[in-house]
Amino acid sequence: MTDGSNEEALYTGLFADDEIASLFGARAQVRTAVAFETALTAALHATGRIGADAKAEALARLSEYTPDFAALEQGGLHDVVFVPAFVRALREGMAAPEAIHTGATSQDVIDTGLVIILISINEIVQRRGHHMLKALEALVDRIGTARMMAHTRMQPAIAIDARHRVGSWATMSEEMLASMNVAANDAALLQLGGAVGDRAAFGDDASAIAAHMADELGLRDPGRAWHTDRQTVVRFASALAVLSGGLGKIGQDVALMAQAGPEVLRLDGGGGSSAMPHKKNPVKAEVLVALARVTAGQVGTMTGAIVHEQERSGAAWMVEWMVLPQMAQATGRGLTLAAELIGQIEAVGQADAPST
Amino acid sequence: MTDGSNEEALYTGLFADDEIASLFGARAQVRTAVAFETALTAALHATGRIGADAKAEALARLSEYTPDFAALEQGGLHDVVFVPAFVRALREGMAAPEAIHTGATSQDVIDTGLVIILISINEIVQRRGHHMLKALEALVDRIGTARMMAHTRMQPAIAIDARHRVGSWATMSEEMLASMNVAANDAALLQLGGAVGDRAAFGDDASAIAAHMADELGLRDPGRAWHTDRQTVVRFASALAVLSGGLGKIGQDVALMAQAGPEVLRLDGGGGSSAMPHKKNPVKAEVLVALARVTAGQVGTMTGAIVHEQERSGAAWMVEWMVLPQMAQATGRGLTLAAELIGQIEAVGQADAPST
Amino acid sequence: MTDGSNEEALYTGLFADDEIASLFGARAQVRTAVAFETALTAALHATGRIGADAKAEALARLSEYTPDFAALEQGGLHDVVFVPAFVRALREGMAAPEAIHTGATSQDVIDTGLVIILISINEIVQRRGHHMLKALEALVDRIGTARMMAHTRMQPAIAIDARHRVGSWATMSEEMLASMNVAANDAALLQLGGAVGDRAAFGDDASAIAAHMADELGLRDPGRAWHTDRQTVVRFASALAVLSGGLGKIGQDVALMAQAGPEVLRLDGGGGSSAMPHKKNPVKAEVLVALARVTAGQVGTMTGAIVHEQERSGAAWMVEWMVLPQMAQATGRGLTLAAELIGQIEAVGQADAPST
Amino acid sequence: MTDGSNEEALYTGLFADDEIASLFGARAQVRTAVAFETALTAALHATGRIGADAKAEALARLSEYTPDFAALEQGGLHDVVFVPAFVRALREGMAAPEAIHTGATSQDVIDTGLVIILISINEIVQRRGHHMLKALEALVDRIGTARMMAHTRMQPAIAIDARHRVGSWATMSEEMLASMNVAANDAALLQLGGAVGDRAAFGDDASAIAAHMADELGLRDPGRAWHTDRQTVVRFASALAVLSGGLGKIGQDVALMAQAGPEVLRLDGGGGSSAMPHKKNPVKAEVLVALARVTAGQVGTMTGAIVHEQERSGAAWMVEWMVLPQMAQATGRGLTLAAELIGQIEAVGQADAPST
């Protein structure tokens, strides 16, 4: 959200989600990188590849590490990833520098970090989703027995209880949230492959190291690297876009109900017009529709980024970085707005007979 | 595929999949509609809503029904769906016309038919996928121990056994195929809602009728209509696009391997050039990349069509009709091509040392 | 449109455009290829690179050529393009086979053919667009002075004359059609580059040959090949999608006006419902919205296909083949439907005061 | 670019463009709003609708206006646009508040501001594009006569001079930049419509006011509002995506040339690997490819936003706000990176004969 400087547009707050944005921020990135390296050092020791002293020195470094963000960012601009600069800084002056990062590659660090972030995103999504479902329950209590006109293909059809429409929002959202859980769980995979993804640098200890790390990080070991197999990331993105699309359906319905036609909806709050002060625009409903359209386009771009060539793709990987954080923010923001919007619905009007 | 008339472009055969296309054809559509109505008639009788004579007359009509495709198509142009014309034709002259379609709506027929088609698509996908996995196994036998240069970010990295790369194609594809199974199973839902999706016309028999129909059709009853909750359809589309993307990754890898650089690949077959007869273009690899890009864009459009307004959307529903059949064809075609391409790989060249 | 076989879905006729589809058919493709080769042969003779007898033999071949479509299609499946098979068939048994295709490459033939097709598409678009503008003029005559409620952000605003809304459709469409003309004119470029796009095989005659051919074909010579510079093709696609989007706006407006709320619209015709015979669905309006959404997604895919690597891309080129014909059909179909829909509008209801 | 806080990801600097981002920032938005209102006040006076005193008071207010960004942002969150809050602040305590904003609506202010921003974007694009073209000229001087292998469909074809490939980058880019100029010029339209887009509040003075304002702002008066006719904005977005796509083609070519195969490219600089210090990754080339893919997806979303319903769309308008600033940044960033990348190319390797 803008602090009044010229950094961001005045409308940024409509779409932005600070809590989710911070998950992708520099601080969070470094935190996940430290977690990865800590788990790796422990695993290297557990499998006898480094000694107790080396382990102790490395863990001390990691726990005391204070990032020089400017240097890490410069490193990232040079190497695409901040990991080489990060590892250099950690290892500097160590007696046994090989106790950190040995056998791993930058993508292992970044992708494992991504997975940790995806799990956090899902936690936020579930929490807000639960809140929204509660708001839907309360809405059914408030207006569920009101009669309203069902509309099919934008034409008045047959009168229904409002709880039929609102209930369909709830069951749809519940299932989409469940699907987010599935996607987050499927994506909860340690990334560990080393330079070309074959874990060769770990020799016979590869599986033991991976198992140890996965355990430490609360992830699963898929038994191989997934450097170029992005399906779990894309399915997570798809689950976000589907959920965002569902919120868009709710927003579209509210916008149509708020048209002041035979299907009346009374909102508490709503934006004004500089030319027509009598108007009450269903701002949040509009934002939900907009967010749904944008995430739908983004999921296409994310799906195209599955084509990761050879043993590691630079370009396709960066596409993920540009798109996925925005999708998470848009979906998260949508959940907050939807819960608020649902809470604002005061009444649904009496249904008229269909016009002839 | 063109029959030599001017109907289709000469390149159509590169992308088309006749077996999958026929699943979406008029004949198949009518077949699924007859299955739906047959199950509904049986359920109406089983719940005592129609008598034995009415049932017998209706089932006889349905089993003897010969579609007048031109009339159905005209009906579809007028009403968007062919169902009103179909039901009129079935009911004409019946003593108890209410034994057919009563309580249902066109979308119930079309969407249940879609689900039956999606299941068939998945069967084809699994069969072809199995074939492709066998081809990958054979490829590993053929060239798995050849040394080749791994490439990360399009740069030579470290020499690997070819089975590392080919094996990653196999594990990726296996998981994508498993994900198709999940999506197909999730989508295997009876659509039954009636005019506005609340099953009101069936009164207290709604659940019994739905259970009976689902059983008859080999589907599950989700306990409600999903007229405007398109998530299972979109997830199926996403699984198709993800699989198509995976095939695109294989195609992109082969195209890069076939560049005649330090990473050599010998293909049996491949297209020629009108200007340079010495060239062997990796045609199938190129088609796989193209199909992946097109399906990636389409999944964005499909995801956008989640925003089905109110109790039934015309426009969003039609978007599905335009896009999903093409996605299924593209993915199915890709599987066939990938299996053929993999079978054509004769050798992978000896890895050179990385240039300096 | 389906002939009653199982080849196509019953809803195909909603979206298909036979006139435009035939422009991309095998017969049309061969016709443009013959035109290209005829112009090239004439240019080779005009610049003294072949003699009069060779020219006469080649032109006779070309004018008498009867395509074996099955063989051309087989060639296309093998080589991606049908041109090698086409040239072989033409040259077979010729005394001076070099009088045909010498110095050119398949992409020259296909892309020049594409340009000829784009020009034809634009002619159809302009003709239908003119017809639609006439329908809009008639609509203004019919209902232009009716008072209706303007809606901003889906809320009633201030009463306006209907001609304000309808007039905005007309000015928007006019400008979009003008923009199609610009795009078609910009794309009217001869493609001539030879094997790697540098016209090297023509030596010093390259410019003269290109000028001669461009003149013969009614195109411009851009002075170089544009094998990998796809911007004019993408701008044409964008102009199609923009126009299709404009028609979608008209369709969306009509669908909203037809809601039977305070903003009343009476349509002559409109589809029915199998469950609710009283309903009149604004079928054509819905189709326009659906077509707009689909073409919007497609223009993203087409724009991505600008990345044609090196001197000729197989994959990116094929993406154009899969997407552009569909975009042209969707836009063309939309124009026909929009003109019909506009013609069906009988009345626009008296505006009510905004509800409070 | 991150300042070391957790606000932004460490890779943000790869893709961000601070100069262009600031054009969309709060400060710039307010500046354009002040320009709009100043021009309107002057026009109201010039047409005799306000007196000299009212004009003087209003212009003084506008020139002395110090934005309370937090209040404007709050207003924007409530009303979608900051304009109502902005106008209230300006008018507060004025003797003749009607001298500001009278007859206009928020969308007039925002869209005219957008146009001013688009013009500035194009100026930046042209400046950087010119710089890139200079770099390409220098590159031709440096390596133009080196022999290299042309590649068609990713296969070695025929040896060419490097200037053929590099020259095709230049001519493509030049034309894309020219097309940006056309799009910027076409978009340079005053937005003035008032509440429902018909300029009704200005009565007979509407044209004179618009002409006066357009003149003052250096824009053209299209003679009507274009509240719901977004084609010029979409064409600008398309020109950005086309240019970004062209830069992606250059990036893809460089990445392929840098593969260390028979087509050798030596880069000065390039990123490192944490696992393989010998590697030189063509970072900027990868970023260009990634930016092209992302903008291609975005232009699809922008094109979908053409469907602005009725007299003003909230949702479709917001889609523009979310997408267009990112497209401009991506394209602008791409130009900077491309110029740098081109400057880094030191040598192109001697072409080998095609492998057999």
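Letters A, B, C and D mark the chains as written, and numbering starts fresh at 1 in each.
As a convention for this text, contacts are C-beta pairs under 8 Å (C-beta built on N, C-alpha and C of every residue); 3 or more make two chains touch, one makes a residue touch a chain.
Here the structure is a predicted model, which is why all the values come from computation and not from measurement.
S.K.: Touching chain A and chain D alike: which chains?
M.R.: B, C
S.K.: Contact counts by the stated rule: is the higher one at C-D or A-C?
M.R.: Pair with more contacting C-beta pairs, C-D versus A-C: C-D.
S.K.: Between chain A and chain C, what's the gap in Å when you average each chain's C-alpha atoms?
M.R.: Once rounded, the distance between the two centres reads 39 Å.
S.K.: Taking the mean of the CA coordinates per chain, how far is chain C from chain D in Å?
M.R.: 28
S.K.: On chain A, where are the residues touching two or more other chains?
M.R.: 151-154, 157-158, 195, 255-256, 273, 276, 281-282, 286, 289, 293, 296-298, 300-301, 304, 314
S.K.: Which stretch or stretches of chain A touch chain B in the complex?
M.R.: That would be residues 150-154, 157-158, 160, 164-165, 168, 171-172, 175-176, 179, 195-198, 200, 224, 228-229, 231, 234-235, 238, 241-242, 245-246, 248-249, 252-253, 256, 289, 292-293, 295-301, 303-304, 306-314 of chain A.
S.K.: Using the touch rule from the top, collect the residues of chain D that touch chain A in their complex.
M.R.: Residues 1-11, 13-15, 21-22, 24-30, 69-70, 72-73, 76-84, 87, 101, 104-106, 109, 194-195, 251, 255, 271-276, 281-283, 286-287, 289-291, 293-294, 296-298, 300-301, 304-305, 314-316, 318-319, 321-323, 325 of chain D touch chain A in their complex.
S.K.: Would you pull the chain D residues touching chain B in the complex into a rising list?
M.R.: 151-158, 255-256, 258-264, 273, 276, 278-282, 286, 297, 300, 304, 354-356
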